[in-house]
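Below are structures written as C-alpha cells.
Both complexes shown next keep chain A, but they swap its partner, so chain B is in the first and chain C is in the second.
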Partner chain A sequence: MRALRQALRAYPTLLRVGFAEVVAYRAEFVVWILTTNMPFVMLAIWHAVAADGAVGRFDQSRFVAYYLGAWVVRLVTSTWVVWEMSMDIRNGSLAPRLLRPLHVLLSYSAEHLAAVPMRFLVVSPVVVLLLVSARQHLTLGEPGFLLVFLLSLVGAWMLIFFSMVLMGALAFYLESSLGLFELWLGLHAILSGYLVPLERLPGWVAHLAAYLPFRSMLAFPVETLVGLETLPRAVHDLGIQWLWVVGTALVALTVWNRGVRRFVAFGG
Partner chain B sequence: MKTLLRYARLLVLQLKMSLISGMQYRADFIPRGFISLVWLGVALIPLVSVFQARPSVAGWTYPEALVVVGWFTLLKAVLEGAISPSLTSVVEHVRKGTLDFLLVKPADAQFLVSTAKFEPWRVVDFLGSFAIFAWAFTLMGRVPKPAHVAVACGLLLVAVLVLYAFWILVVSASFWVVKVDNLSYLFGSLFDASRWPISVFRGVLWFIFTFVFPLALMTSYPAMALLGRLGPATAVAGLLGGLAFVAVARRVWLRALGFYTSASS
Partner chain C sequence: MSAVIDVVGLSKSYRVHRRAPGVWAALGSVFHRRYETQNAVCELSFHIEAGERVGFLGPNGAGKTTTLKMLAGLLHPSAGTVRVASHTPQERNPAFLKAITLVMGQKQQLLWDLPPSETYAMNRAIYDLPRAEGEATQKELVELLEVGDLIHKPTRQLSLGERMKCELVAALLHRPRVLFLDEPTIGLDVSMQEKMRTFIRAYNQRWGATVLLTSHYMDDVTALCPRIIVIDRGKLVYDGDLKALIRQMRPERRLTVRLASVVAPERLTRLGATVVAHGDSQVVFGVKPERLNETVREVLASLPVADLSIEDPPLEEIMRELFQRDTATRDDSEAARVAEAARAAAGGERS
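== the complex of A and B ==
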C-alpha cells in the first residue's frame, strides 16, 4: 500500500521528466514520426483503385478516413519500450533502475506515456484534415461511440505496451529478443489493419486476424472511429480488447518477475 | 589497372571476413530466414488485396505488379545484405571517433567503410525474389526475352548504385548531425513504397518518387524492362540520372569527410 502511494506521488514528476526528454530530442522525434508514412502510401494506392467506384464498403472518402485515422491511432498508441528494455537488460543499465524505490515497469510506462501529448500535437494537423475531408464517416458526434473510441485508445496503448514488455522481458532468457520483435512488427503490419483494412484482406488472412490480438491494437479503434462498426458490436469488441489487455499484462508481469531474478549485471 | 586489381583483392578479403563471422552464428540462419519469409508475406498480401478488388490498377495487371515486387525483394536483399550493415557501422565510427583507424589505412576510406560488413543470410531474400519472378511469368504464361533481361540487368546495376549513393548521402549527414540512425529508418520506410509500380502514384508522390527519391528507377523501370514495356529514351534517361546521383554522392562524401573532427581530444 505504501509502495503504491509512493508510486502515485512519483508519477507526475516522472511524466514531466519524460516530457522534457521528448522536447530535448525533438528533431529525432519528428524523424520517427515521418518514418510512419506507410498509411499515406497505401492511401494513395487505394484512392487510385477506388477512383471508378467503391470497393466493398469503402469509397474514396472512406479510404481517406480509414488511413488518416489509422495513422493517428498508430502514432498516439505506439511505444518502443522493447528497444529500451532489451538494451537495459543486455548492457546492464537495468541495475540502477532496479535500485530505485519504484517498480521498473512503472518508470518505463511514465517515460512512454509522457510522449503522448507531444504526439497529439504532431498529429493534430492531420486530425483537422480528417475532420474536414471525411467528416461524414466519423462517429464521434455520438457520445456512445466517442466513449468506446476513447476507451479503445487506452486499451490499445496498454495492449501494445504490455506486448512489448513481454518481448523485452524475454531478453532475460534469450540473447536477443529483437528478432522476435521484428517478427512481431511484420505480423502487426498485416494483421492489425495498418496496411490494409482487415475486411479487404484475402479471406484466410482476415479469418486469422479475427482470432489474434493485433486487431485490438489498431483496426478496432479505427473501425469504430470511421463508422465501420455498429455500437453493440463495438462494445463487444471493446470487451475482447480489454480481455487481451488483462491477459497480456498477466503473462508479461509473470515473465518479468521470473526473469528479473535471473538478471546479472556486469561491470559497475 | 593495378589499383583496380588491388581493390578487387581487398573486396574478396572483406567478403571472406563477413562470411566467417556470419558462420559463427549459423544457427541464426533459420530464424532469420523465417523472418525474411514473413516480410515477403507483408510485401505480397497488400498486393493480393488490391488486385482482388480490381483486375488491373493504373495499367498494371497482377502478374506484372508481381514483377515489381520481385525487384523490390531483390533490391532489399542487396540493401540489407550488402549496403546498410556496413554503412550503419560508419555512423558508429563517427560517433565514437574510431573512424581515425580507418582513415589512416592505405586504401580509399569510402571503399573500406562500404565493404566492412555483409550479411550472408540475406541470400534467402535473394532466392525469394527469383521465386516471385518465376511465379509472375508462369501466371503470364511466357518467358522474358533475352534482350529485355539484359536491359533489366543493366538497370539493376544502376538501381543498386543509386541505392548505394543514397546511403552514402545519409551517412555523410552523420558528420554534421551525429544521431543519424533514425534517418536510416526513414530511408528504409520510404524504400518500402517501391514495392508498388510507380504509376499508381499521382501528383506530389509521383514527382518525389520519380525525381527526388527515385524509387521508379529502382524497381518500376527494371520491371518494365523485363516486361518489354520500357521505352529506350526512359532507359537512357534513367541510366544517366543514376550515374549523376552517384557522382554527386561521391562529392558529398569527400566534403563530409573534411568535416570529420574525431572525438574526445
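== the complex of A and C ==
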C-alpha cells in the first residue's frame, strides 16, 4: 500500500518526463500518425459503395462518422509497449527499470499515457471535422452516452495496454514475441471493427467478434460515439469491456511476475 | 562490523540453445532443439562488511556480472542464499532497491533524448526523495563530478566519459549504501578514469558505502580495493588482501632501471638478479625482498643509472597467472602451485 502511495506521488513527474520525451520525438510522432491512414482508405471505399443508397444502418454520413471516429479512438487509445518490452527483455535494457523502486509496468504506462495529450492535439482538427460533417449521428450531447464513451476510452486504452504487456512479457519465454504481435494486429484489424464495421462482416465473423476482446478495444467506443448503440446496450457492453480489462490485466501480471524470474539480463 | 553482503553457496545456471551453423541445422532446430545447461556461477560464498571496497575480478565469462546481477536482485539464483543490506535481493523489495545501486558501464539509465536533469527529476520522484534533500544531493554530486554544464544538454550529445559521470549522478542520487559497479570506467580515457576513482573513493569515505567493483583495468582495482575476490568459471579462486596475493604469487619486487647508455646483457646477468625485461634504455629486474638493498647498491655501482624505481609486480601479471584458462595444456604442478599460492595468501590474510 505504501509502495502504491509512493508510486502515485511519482506518477505526475513520470507523466511530465514522458511528455518531454514525446515532444523530443515529435517528427517521428507525426510520421507515425500519418501512417495510421487505413480508416481513410476504408472510408473512401465505403463512401463510394453507399453512394447508391444506405448499406444496412450506414448511409454515407454515418460511414464518415464511423471512420473518423475510428481514427480518433485508435490514435487516442493505442499503445505499442510490446515493442519496447520485447526489446528491453531481449537486450537486457529492462535491468535499469527493474532496479528502480517502482513497478516496471507503472513506468511503462506513464511513458505511454504521456503521449495521449499530444495525440489529442494532433487529432483535434479531425474531431472538428467530425463534429461538422457528422454531427447528426454523434451522441455526445447526451450525458449518459458521453460518460459511457469516456469510460470506454479509458477501458480501451487499458485493455490494449495489458494485451501489449501480455504479449511483451511472452518475450521472457519465447525468443521473440513480436511474431505473435503481428498475428494480433491482423486479428485486431478485422475483429475490432477497424477495417469494416462489425455489423457489415459475415454473420459468423461478427458472432465470433462478440466473444473476443477486440470489439471492446475499438468498435464499442466508436459505435457508442456514432449512435449505433442504445444506452442500456452501451452500459452492458461497458461492463463486458471492463471485465476484459480486469481479466487481461490479471493474466498479464501473472505472466509478467513469472517471467521476471526467468529474466537473464543479457548485454552487460 | 556486520556483513552487508552475505553470499552462501550461490549458484546460477542457464539453459542455452545450441545449434550448428548452416541452413540444415537451422531447419533441424525448428523440429528439435538441443539445450545445454551452462553453470555461470558455482557455489560461491563470501561476506563483505559495511564500508569495504572490494574488487571482483575474473576473466571474461567468469561469472562476475552474473553474480553482481544476482546481488542486485535482477537474476534469481539457481541455488544458495544471498543477503544484501538485510534483504533478499530477488524479492526486489522497495527498501532494498533504495539501499543499493548497480552501475553498468555498458548499460545506461539516462533518457537518451532528454538532458540528464530530466532523469534526475524522475529518479527523485521514483525514490520519493524529499525535494530539498534530493536537490541538495544532486547539487553535491554534480559539483563533485564537475558536470554542472552538462546536465541540461540532451544525453545523446554527451561524450562517453561525460555520460558516464552523469550516469553516476543518477545512480547515486538516492545515496545508496551498497554500490555494485560493473566496469564503471570502461571506454574512458586515463584522466577520466582517475577522476572516477577519486570520486568513488570519496563517496565510500563520505557515506561509509560498501563498494563491490568489477573492472578489467587493474589500475582501478589497485587504486580502490584493498581486498579482492577472484572467480574463474563461476568458482572462487581467491578472496583476501590484494597485496598479500601479490607478495605470495610474485615474491620479487620489480627494480626498474633507466639506463644512461646501452649495456651488454652479460653485464646484467653478473648482478645475480632475474632480468625480467631488457631494452636499450631500460632494464627491469625481479629481486627478492631480502636482497633488495644489496642489488640496488650493485646496480648503482656497476651500471650507468639515469633513474631507478622499485615497485610490486603489475597486478595484470598476477591475474594472468590466476586466469590461466587452458588447464588441459597447463602443467599440473604449475596449476597446483598457483592454487596453493592463492590459498596461502587468502589463508594468511584471514588468520
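Here, the second predicted complex is superposed on the first by the 267 of 268 C-alpha atoms of A that agree within 3 Å, B and C clash if a C-alpha of one lies under 4 Å from a C-alpha of the other, contacts with A are read in each partner's own complex, and residues count from 1 in each chain.
Throughout what follows, contacts are C-beta pairs under 8 Å (C-beta built on N, C-alpha and C of every residue); 3 or more make two chains touch, one makes a residue touch a chain.
Owing to the predicted nature of the structure, the values given are computational and were not obtained by experimental measurement.
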First (chain B), second (chain C), both or neither touched by A:129: neither
Which superposed partner A:6 touches (first chain B, second chain C, both, neither): second
Touching partner for A:24 - first (chain B), second (chain C), both, neither: second
Which of chain B and chain C A:35 touches, first, second, both or neither: first
Partner chain(s) touched by A:186 [first = chain B, second = chain C, both, neither]: first
Which superposed partner A:99 touches (first chain B, second chain C, both, neither): second
Chain B versus chain C as contact partner of A:201, first or second or both or neither: first
Touched partner set for A:263, first chain B, second chain C, both or neither: second
Residue ranges of chain B in contact with chain A within the complex: 31-32, 34-35, 38-39, 41-42, 45-46, 48-50, 52-54, 57-58, 177, 179, 182-183, 185-186, 189-190, 192-193, 196, 200-202, 205
Residues of chain A defined as touching chain B within the complex: 27-28, 31-32, 34-38, 40-42, 44-46, 48-49, 55-56, 179, 182-183, 186-187, 189-190, 195-196, 200-202, 205
Chain C partner contacts - residues on chain A that touch it in the complex: 3, 6, 9-10, 12-14, 16-17, 20-21, 24-25, 92-93, 95-96, 98-102, 107, 261, 263-265, 267-268
Contacting residues of chain C [partner chain A, same complex]: 14, 65, 69, 72-76, 90, 92, 94-95, 97-98, 100-102, 104-109, 111, 113-114, 118-119, 121-128, 154, 182
